[in-house]
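Before anything else, here is the set of structures, which you'll find just below.
After this come two complexes, each holding chain A, first together with chain B and then together with chain C.
On to the complex of A and B.
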């Protein structure tokens, strides 16, 4: 019995290790490629160096595209969380005529292939006479990201008991007071996850930016163009930095959640 | 277990002589949802300081009635006045009333203290004052002061009840509503809290309006009980009146297990049992309508076994089918023709014979209640 247990434990451990290796090995290879002294992507790495990292950090071009990506992701996060919060309330909290239709319409853009959505948006911007730039890219990101964030927040709203609002109102509270004291604090975890999703989805989005950012470049767009033509180890270096930055954002988000929860538990 | 204080049934509810102004008054109140009338034309005066319980099975409209009183629904017709002022369309947050919800609706992200202080925070009262009042309420509800900073979701069921009550009292309402807040608790705790609630009612002198589907709960606590069925208020009266003088068959059956014997008037003007084998002439209490068909309600404790037909006003032949022990009492199931009667005796006076023996079940006319069939 004990033997059997130990053996199954061993197999589970082996399998888990294998899966983790399969997922992270390519990423690790990419990271190592950025630390190679040579100009070309190859294995094993013959000589290590921080040169390409340094060059990446010093590059004016990369500073601009990182700035573009950050700006787009920041704006998309703020706008999408605001829209999605009220959208999620309409989605999951209130009974209204047309709610079912709204729930279905909201899901459609998520299933629409992004390259086609990007092209359609580009045509639309053109016919409106808007020159594609990072601003139009932000709008394009919103079209796809707002529904996703709405769903993320809606999950939290579904677990919210509307009776709490009734009770607060019965105790004399105004609608604004209820929003501030009851609804928002209880929905905070959902709003946080929504914001994280919005930022990361925008930061990593390639197909929509490719079509709608025009002459402005974003991190994924630059990576792609350099892979197609003019490879430099700055590509894996920037890729690694981007991954690390995203991981940091996730960690910070997780930490903030933990703090909120601990404060609530006190 | 502590001492079970048996309280005398107070007769607060019967306003006599100088009629006090009702705190809440309902005139022809009706609520419809589409074609469905959840509440049908209710007239009711609620006296200042009384403990009124509205009882009814689920779907009888009692919760809708309560939501209208609390300001969460507006009546479709009729008027609700609070101390003479029309409040039909006054929203819940503008009424001096407070509802203790079935789910209690405690704010899960707030501590016990923050929950209790919520209505005070709404009123913009200084934090120090709020805390003082919260601690006072904790003491009043017999919760330790150390609970002030406790996570409200970590409290037990009974403690949550008390926090919800403390929060309601912090609002200092004129009228408190209760929507079956005890229904989720186990029997023993429920009994304790029922008595505590009645004590709190006496202590605070506020008007309590309680909704439940359990008449047992209503009997323990209320000054007056209103029985609802299908959106209508069938009867309003003291627990004593509801028990001993039910308005109709529905109320009598709602109060507990009863024997219902249908009777018809014969051509000779005598009442005859309509069922249960051979027709039996019945002697019934006098105050009868000119109906030709009635239902005679006799509680199991008013039936007894008799030796000969003359020993009771009415006697029916039957066989004992089974017996059930109810603790201090024993209940017998007696088959009379195709009908089943319940006879309840105290343990000392129990039937000494065996099952399946023929018996004579007797009851007196004065113990019977005659209602419309």
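On to the complex of A and C.
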């Protein structure tokens, strides 16, 4: 029995390792292509150079789209966390009549193909008379990201005991005081990971930006337009930079979260 | 009940006690989300539905009513049903393959990896933050002529890599690749719902591995597995990037047809009618599966 258990554990470990390798293989291929010297990619790489990275960094066009992406991700993060915080309390903390229906409504945008959602939003913006731009793209991101962040925070809310709030209230604490001193500190880890999700999902989103950003471009949208027509090694170079940036944000965010957890434990 | 979360000014709650009683705290907290989703999700979908009944090739939404768009789609000379068939077939295969790929990993995250589970989960989450076109393009670089695979094989003195790009097979591969996290995490949550004592008890009573799996693990983990399957099916049915980037448009997906109607051919009503049909399939499936699930249990209410 034990032998059998160890063998299945070994199989699971090897399989997981293989899948992880497959997940990161294409990202590594992109990194290689961005660092090779020639105009066209060939493997094994004959000569490495940072030329395309330098050109990408120097490009004015790319600076603009990076700004767009950052701006959208920033706005999406702030708005979605605020809305989703209350949305998560309604999702998991309070018992109320329409809750089950509300939970299902909230899941629908996640269970919806994003390209179709993007096209539907394009139609909607058009019938409202709004010209698509980075602002409408931010709204489109929110439609998908608010539900995700609500779920992330809701998971934290489930582990939260409402008795704490009631006790504080019985002892005469004001609502604002309870929110600041009890509810928020307990929910911080959930809020923080919700914010991380919001920022990173918006930063990497492609299908919604493609249809709703109009003439403005974001990093994934620009990359796509160059993949389809007019490949340059700046495409894998920028792709790699964007990936590294996301990894850095995730790493710093994770560290900050560990600090928050530790402080909460003290 | 202390509704502390909404930090309404004290004066208001004192001067209008009746209203606070009338609107439950949950609804008040939910209202921003509900309002936003009504405006940002439900309204756009209704607009699409309205467009689907408008005069073809026009922008006469809300002013005309015709079934012509649907008639065009169901016309026997129209081959758009092929795109539907491809998309749904791809989605089905993606779900089956992903269930097989993800199950051992989800099991490992719950039972085998122990303290490493957190780190391994992060490795699977991270790709979600890299846009799918970047990751798919990496596969193009891997499989292309003189690419990583071809070049490596040639260096080893072999004939070179197989030509898999621009085939339906690679599109399926791309979908399995992109949607893995959407199967893995619901499945992991589902398997976490299986009490370990129960499995141990069954084993002590002499149940075999297959029996434990079939009678205990699978039924108890089913809600999570179902969510994963639904999620991946829906996303794959509406997928388009895989076919465009890896498939070289050797197969036209339904979303691609919708996009063409919206952009190049400027026939919004026809595109909307196609989108409505896709939405009916998807939401029918989603509502059916969701009616069978209790979200509170899956997400961890105790």
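Quick notes
Note that in this section the second predicted complex is superposed on the first by the 245 of 266 C-alpha atoms of A that agree within 3 Å, B and C clash if a C-alpha of one lies under 4 Å from a C-alpha of the other, contacts with A are read in each partner's own complex, and residues count from 1 in each chain.
Going forward, contacts are C-beta pairs under 8 Å (C-beta built on N, C-alpha and C of every residue); 3 or more make two chains touch, one makes a residue touch a chain.
Since the structure is predicted, the reported quantities are computational estimates derived from the model, not experimental observations.
Under the clash rule set out above, the superposition-derived model of chain A with chain B and chain C shows the two partners fitting side by side. In the superposition on chain A, the chain among chain B and chain C reaching more residues of chain A is C.
Of the two partner chains, chain C is the only one touched by A:250; chain B is not.
In the superposition on chain A, A:161 makes contact with chain B only, while chain C stays out of contact range. Of the two partner chains placed around the shared chain by superposition, chain C is the only one that A:103 touches, whereas chain B remains out of contact. In the superposition on chain A, contact of A:227 is made with chain C only, not with chain B.
Of the two partner chains, neither chain B nor chain C is touched by A:62. Contacts of A:169 after superposition: both chain B and chain C are touched.
In the superposed pair of complexes, A:27 makes contact with chain C only, with no contact to chain B. Touch criterion met: A:186 reaches chain B, while chain C stays clear of it.
Chain B and chain C never share a C-alpha pair closer than 7 Å once the two structures are laid over each other. Residue overlap on chain A between the chain B contacts of one complex and the chain C contacts of the other covers 166, 168-169, 174, 182.
For chain A in complex with chain B, the residues that touch the partner chain are 161, 163-164, 166-174, 177, 181-182, 185-186, 264-266.
Residues of chain B touching chain A in their complex: 70-72, 91-94, 97-99, 101, 103, 105, 107-109, 111, 118-119, 121-123, 149, 151, 167-168, 171. Interface residues of chain A facing chain C in the complex, by the touch rule stated above, are 9, 11-13, 15-16, 19-20, 22-23, 25-30, 32-33, 41-44, 83-84, 86-87, 89-99, 102-117, 119-124, 127, 139-140, 142-143, 146-147, 150-151, 154-155, 158-159, 162, 165-166, 168-169, 174-176, 178-179, 182-183, 200-201, 203-207, 211, 219-220, 223-224, 227-228, 235-236, 239, 242-243, 246-247, 250, 254. The residues of chain C lying in touch with chain A in their complex are 1-8, 10, 24-30, 32-34, 36-37, 40-41, 43-45, 47-48, 51, 61, 101, 104-105, 107-108, 112-113, 120, 122-124, 126-139, 141-142, 144, 146-148, 150-152, 155, 177, 180, 230-231, 234-235, 237-241, 244-245, 255, 258-259, 262, 268, 271-272, 275, 278-279, 282-283, 286-287, 290, 295-296, 299-302.
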